[in-house]
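First comes the structure, then the notes that go with it.
Naming follows writing order (A, B, C, D and E), and every chain is counted from residue 1.
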Amino acid sequence: EEVKLGISLGFTGPLESMSPAMAQGAEMAMKEVSDSGKLLGGTTVTGVRGDSTCIDAAAATATVERLITAEKVKGIVGGMCSGEATASLQNVAMPNGIVMVSPSATSPALSTLEDNGLFFRTSPSDARQGEVMTDEIMERGIKSVAVTYTNNDYGKGLADSFAAAFEAKGGKVTINAAHDDGKADYAAEVGALASAGGDALVIAGYVDQGGSGILRGALDTGAFSTFVFPDGMVGEVLEKNFGPEINGSFGQIPSSEGAGKEKFIELAKAAGFDGSSVYSGEAYDAAALMLLAMQAANSTDPAVYKEKIMEIANGPGEKILPGELGKGLELLAAGQDIDYDGASSVELIGAGESAGTFREIEIKDGKIETVKYR
Amino acid sequence: MIRVENLHKHFGGFHAVDGASLEIAKGSITGLIGPNGAGKSTLFNVIAGVHKPTSGRVTMAGEDITGLSPHELFHKGLLRTFQIAHEFPTMTVRENLMMVPGGQSGETLWNAWFHRARIEKEEAELLKKADEVLDFLTISHLKNERAGNLSGGQKKLLELGRTMMVEARIVFLDEVGAGVNRTLLNTIGDAIVRLNRERGYTFCVIEHDMDFIGRLCDPVIVMAEGKVLAEGPPATIMQNEAVIEAYLGRGLKNKVKAEAATLRNGVAG
Amino acid sequence: MSTHQPTAAKGGKLRAPAFFAVMAVLIVIEGLSTGWNGALGILNMGLISAILALGVNMQWGYAGLFNTGVVGFIALGGLAPVLVAMPPTAGAMAAGGWRILGALVIAGAVLIAAVWLNGRLKGRAKAAAMIATLVAGFFVYRAVLDPAVDAVQAINPSALGYLGGLGLPVLLAWPVGAALAAGAAWLVGKTALGLRSDYLAVATLGIGEIIVAVLKNEEWLDRGVLNVNGIPRPWPVPYEIDLQNSADFVARAAKLGLDPVTASTIFVKLLYAGLFATVLALLLIGAQLALKSPWGRMMRAIRDNEIAAAAMGKNVTRRHLQIFVLGAAVIGLAGAMMISLDGQMTPASYNPLRYTFLIWVMVIVGGSGNNWGSVLGGLLIWYLWIKAEAWGPEIMAMITAHLGEGAFKQHLVDSAAHMRLIVMGLVLILVLRFSPRGLLPER
Amino acid sequence: MSFLDASDMTGGYGAADILHGCTLKVEKGQIAVIVGPNGAGKSTAMKAVFGMLKLRAGRVTLDGEDITTLSPQERVRKGMGFVPQVNNVFPTMSVEENLEMGAFIREDDFRETMEQVYALFPILRDKRHQNAGELSGGQRQQVAVGRALMTKPKLLMLDEPTAGVSPIVMDELFDRIIEVARTGISILMVEQNARQALEIADQGYVLVQGANKYTDTGAALMADPEVRRTFLGG
Amino acid sequence: MDFLNALVAILNYVVVPASAYGAQLALGALGVTLIYGILRFSNFAHGDTMAFGTAITIIVTWGLQSLGVSFGPLPTALIALPFGIAATAALVLATDRMVYAYYRKVRAAPVILVMVSVGVMFVMNGVTRFLIGVDEIRFADGARFAISAAEFKAATGLAEPLAIRSTQLLTLAIAALVVWALFWFLNHTRTGKSMRAFSDNEDLALLSGINPNRVVAVTWILAAALATTAGVLYGLDKSFKAFNYFQLLLPIFAAAIVGGLGNPLGAIAGGFIIAFSEVGVTYAWKKVATYLIPGFESEGLLQLLSTEYKFAVSFAILIIVLLFKPTGIFKGKSV
């Protein structure tokens, strides 16, 4: 027997460079499960990729439509960006009763969205990140920052929740200005940010998008020297393209401490991709959660296994890390409980979103170093 | 009918029309001649609203029409042809004519949607009219041809044909004859005279064919360098030294040429 | 070399029915091979695309107006369902709504004053007075607007933070969408229609960008990039979940041998298809009647040669404005329909490639100047745009199937998603290659 | 054999033929004039001779060499020059550049020829830096003829060169055409100012519906009352 | 009052970046304007041609760097540029042969060519991504700054920094050189004139013995050279990312058109108008005001419009320019 999972990510479009590692993460979980031969007595799992474009709601909807109705997938890893994810959830997944687990859609609005219990995410809401970021900045004694965000629901949502949290704790946001991704030039934005001033610049953007452009401009013109990087900005690219220039800057990504993450990175390395790439662990977890839930429910029917996802994620039971999916399946088959921890210390709260452990990072000698987990 | 007072039209520093004053009498067929670049077409374009004059005034039957736009002038009964044919290339020859009359009820969308019958009746009449004009111009076999595919002369005929689709008060013809077969041009000349006599159209005609001018026009106005050089009946104008000097030439050379040609023929033959 | 125009497309009268038959077959094949849900999904968006193409064709095909601001008019149309159908945000009007409306009135008054001055004064004085009015007006406007906007946006920002709508049925939003787009087109037309060809193109491109920028950044109006979700469906389309929960429906589906999920999703899509097809049919009839009438002839004459048309008494400026507004209205209508299909308004997704140039591709591939061509182009290009997403990787899989393992193969497999663009491009080039004046040429 | 010999040309733009076995010949140093009603196919015949039209039948030889299959720009290099009836200038190039383009294939110094053109059409000298598109109709026509003269062709083909030019310039132009012919250049010309043209023509063709209706010396055609009445305006 | 600091602030955040950006746009617009001027259509594939040329140049640069070749203080990519140009020229010539030539032959309307170029754009888009992927690539080496912010502050003791990147100077210099060369080429050489003649009246060009194939080939080669140069300079200054080159298309078109299509000087003027309006209109004057007006304190940023509207504003300015100059500043062509 074979079961298919859809992978709806933005393979073309503004986040095209982030998507491959995410898809590979999800596919790795599927391969692991298939290879173990323990899912529902030997069912194999294949992933079907679909291009959600990240920005075009209509195209994403059509893609998910194809995955569900033509490819007959039993669940979807995706969508990638909050807007597109919302559209395909409401227009296709819900009417068809298919489970969607998004690794990366982080908009606070998704927390309260009507979803018939079909939508989950392995990443935390940006509301949480705003608080974490506030704490970090405050702890470093910085009292006034300029904020720039990528002009979409993610960027705006994050920037607003951060600004609210920061000001509530007595900080001062000198400017909270959007930048559009994929623009040819960011001189205007940098000029405005510089004029507003501040002790640090928070860039709530994407590292392979406008975020880098702003960073480059701010560095070159000498407008700022300390930067704060939320999830979208933390990536290998940052080390590669900026390195020592941003020493002393810091930030955070949704990620967990410990064994799970490291193990995942190791496995990814063996599979030939970069497991530290943003959200690729979350994608692994998204796929794993669905597959384990199927086993727990003893059914591939989304209407049935959707009930099991929270259980699997939050325990009680034995902790399951990346690479141990076979073991998890076995335990479930034996009727025992598990607590899936995965690559990102999965812990789902509220209506099924990650509680959000964040890894605080700092750039030291041109490298991203982990400071601590929050 | 039309009065032009001290009209100027400058292109950058160049004075294409440089203080021309003239009058086209009602009911006349006025000829307008002059060397190439004298400003004749520019004058037409200013009168017909294509160009705004730099200064000066144009009146039509006493009414100031300076600077009115072409379509307003059309509705006041002022029609014109273009020296370089301005056909509607992707439309058929017939459509080129049928589009001309103003105030067709089918030109409003409302009627196009809800008064089909009325439109059909009007269209039938227009069609008949267009076919008559085409017959007259000897191009009725081309009625369904794309106008862009016509020969140079046929386009000029179509240009003229458009002015025959409606009742006009004054018609400006800019070198309708250039490129038109002379036998046909004679017929056209006759038609102009007939329209003038029978329907009282006023004409103003630019033409370089002196036979045509001489046969049709009275008076003839001569322009040179943007100004009016002379004005009068054709016979007088053609004797006018200044006009001969600037425009007509002596015609003498022609004879020499003819002799030369026969001479060479003799040698060759 | 020859100077003649390409000869009229072969096939004559049967050409159009033949192409539509092919299109129908493609949809049916899609339905049979991958399921009716997908096929109907493509059809529905295809129908909307057809309407969009029809609107662009009115402007370009009839009148030769190069409008590249299509995305802006679609977006304005899309605003209508938000303004009409969303429930009003409690307390928003009191918090700042009235003040915002006041600010807009001020802005309008300033503009009118500027235009009035423009007509009154001359030379230096005019320039100075106008600049003074506009600048002063701008600051007054901002002074009134800004606090009100802050107040409105403060209301439950993660879910609301905007004025909301009127809570009326969403079908009403369709004509409103048309009207919004038409209104904008009227303003644009009044100022910019003096421009020609590519210059008009860039002006309209800019206007499109401006409209989208406003929709993206004025949160009080439509939540900006935070998107508006859950826009109600138009009458008579129900929600799938409700159908699935209705015993009556489930029973009837069972009689047809369908499971409730499939039955409900297909039923909903069919209803949408019916709605859209009705609108398209009405528009198409209107467009055909207009194009075949003296009005259409006049438009074509204007397109062919403006100077001559003006000399023949046609008011070129007014007609341009008329058709520009009309085309924009059709585009706006389609924009509103699209939002009621999607159920959400995402201003950030209005990018010109997808919503301007793809529509243009539809018009040109279909055959500009031909209404049926636009409809065909809309359906076909949308079909290809969606199918290319699946074909690209499939083709790549075929190519790589026989390659040995290795870095090169891996590279190709990883790049498979980009085949979508290549496939789309190739198809476009091929279609235009074999019928350079479009599939259904004007004549 | 004639210098230019275009025999039995048959062909047209699309499905229907415009030319039906039309034959045109010009001897070296002679002037041949084509007259006929509008739409007879005169311009089409000229284009056919110049290779701008696919012929279904017939052949064209120049100076004994078969050029039927050559492209227009190859024919230019064989020594043919052509002034089309319409669109015969480069509108956004200056008058001088228009003339330079006429001399495009010449390797030698063409300034002298340009002087000759300016002498022939003095107005062009005044306007030499103005764009041709901004000229009056007649001035434009002068540029067109000037451009072709710049090529120094062996065969000069003119499609209604005098349309729209004033009498005095027309006289000059015909004068000059004779001079050109005297230097051994052959001239093939379509004219509606037919009487003047036939006066200087060695050979005259009357073309009707794409076929030769009358062919004779210019003088003989002028003398034929039937031809005069039907085609030359009496 | 601190006049110097205010001045430096404006220089650093407005004048210098806008000039460089303007020059980058201008170089791109030159290519667009050239194709428009000679082949008479708006080439949507231009942005992706730039991306392709840059991708090749980057690959060659990597090769050179691995061989240890460098260009002193100048970026190595400049040595690789000719290779990039050659490859791009080959690509566009092949494209012309296979795609565009046919439409010229059947005399297709310009808009058809525009749509065909959209097709070509999609294909090139994909090809470039196959070639070099979608990631952001930085390939600038050599001296990054002519004047760096820290050095400037240290040297002058001013509070405000001033940074000028060497690539910014390079772009400006090359843009000036190229526009002059192109102008001279089109207006003073035989080939250049024959290209203009071809664009004016194709049939008549033929009748003058101008070889159309040669004109077309030269046009494409020049366009490829312009596109690659523009793309590489832009990439050196910012970074290379396939997606961004596509996004450059709109401002480039805007620049070409507002300057007057078909006119090289127009492309330059257009580029600077777009750049300065983007950067200038949304500039927040708070800092400058603080320097100039003693005791100035402000909560607000003194910003006319927020930066979200920068693109909209630059377009608004463009529209206003066009309303007064309907075919662009330098009287461009229109088909």
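By definition in this document, a residue touches a chain if its C-beta (ideal position, glycine included) is under 8 Å from a C-beta of that chain, and two chains touch if they have at least 3 such contacts.
Values in this document were obtained by computation on a predicted structure and should not be read as measured data.
Participant: Please find the path from chain B to chain D through touching chains that uses the fewest steps, and give that number.
Facilitator: Shortest path length, in steps: 1.
Participant: Count the C-beta pairs in contact for D-E and for A-E, then report the pair with the higher count.
Facilitator: The greater number of contacts lies at A-E.
Participant: So which chain is the furthest away from chain C, centre to centre on CA atoms?
Facilitator: D
Participant: Let me have the rounded angstrom distance from the C-alpha centre of chain A over to the C-alpha centre of chain E, please.
Facilitator: 36
Participant: From the mean C-alpha coordinate of chain A to that of chain D, what's the distance rounded to whole Å?
Facilitator: 76
Participant: Quick one: report the Å distance separating chain A from chain C, using the average Cα coordinate of each chain.
Facilitator: 32
Participant: Would you please write down the residue numbers of chain B that are in contact with two or more other chains?
Facilitator: In chain B, the residues touching two or more other chains are 149.
Participant: Among the residues of chain A, pick out those that touch two or more other chains and give their numbers.
Facilitator: 16, 151, 178 - these are the residues of chain A that touch more than one other chain.
Participant: Can you list the residues of chain C that touch 2 or more other chains?
Facilitator: Only 1, 3-5, 216-217, 418, 420-421 qualify.
Participant: If you look only at chain A, which of its residues touch chain E in the complex?
Facilitator: 13-14, 16-17, 151, 175, 177-180, 182-185, 187-192, 194-197, 208, 212-213, 216-217, 220-223, 237, 240-241
Participant: Given the complex with chain E, which residues does chain D contribute to the contact?
Facilitator: Within the complex, chain D contacts chain E at residues 50, 52, 71-73, 76-77, 81-82, 84, 87-93, 97, 100-102, 104-105, 147, 151.
Participant: Would you mind writing out the residues of chain E in touch with chain C in their complex?
Facilitator: 36, 42, 44, 99, 102-103, 105-109, 111-112, 115-116, 118-127, 129-130, 133-134, 203, 206, 246, 250, 253-254, 257-258, 261, 306, 308-309, 311-312, 315-316, 318-319, 322-323, 326-328, 332, 334-335
Participant: How about chain E: which of its residues touch chain A in the complex?
Facilitator: It is residues 9, 12-14, 17-18, 21, 24-25, 133-136, 138, 145, 148-150, 152-153, 161, 163, 165, 234, 238-239, 241, 243-244, 247-248, 251, 275, 278-279, 282-288, 301, 303, 306-308, 310-311 of chain E that touch chain A.
Participant: Which positions of chain C touch chain E when the two form their complex?
Facilitator: Residues 1, 3, 5-6, 60, 66, 191-192, 194-199, 201-203, 205-207, 209-210, 213-214, 216-217, 352-353, 357, 360-361, 364-365, 368, 411-412, 415, 418-422, 424-429, 432-433, 436-437 of chain C touch chain E in their complex.
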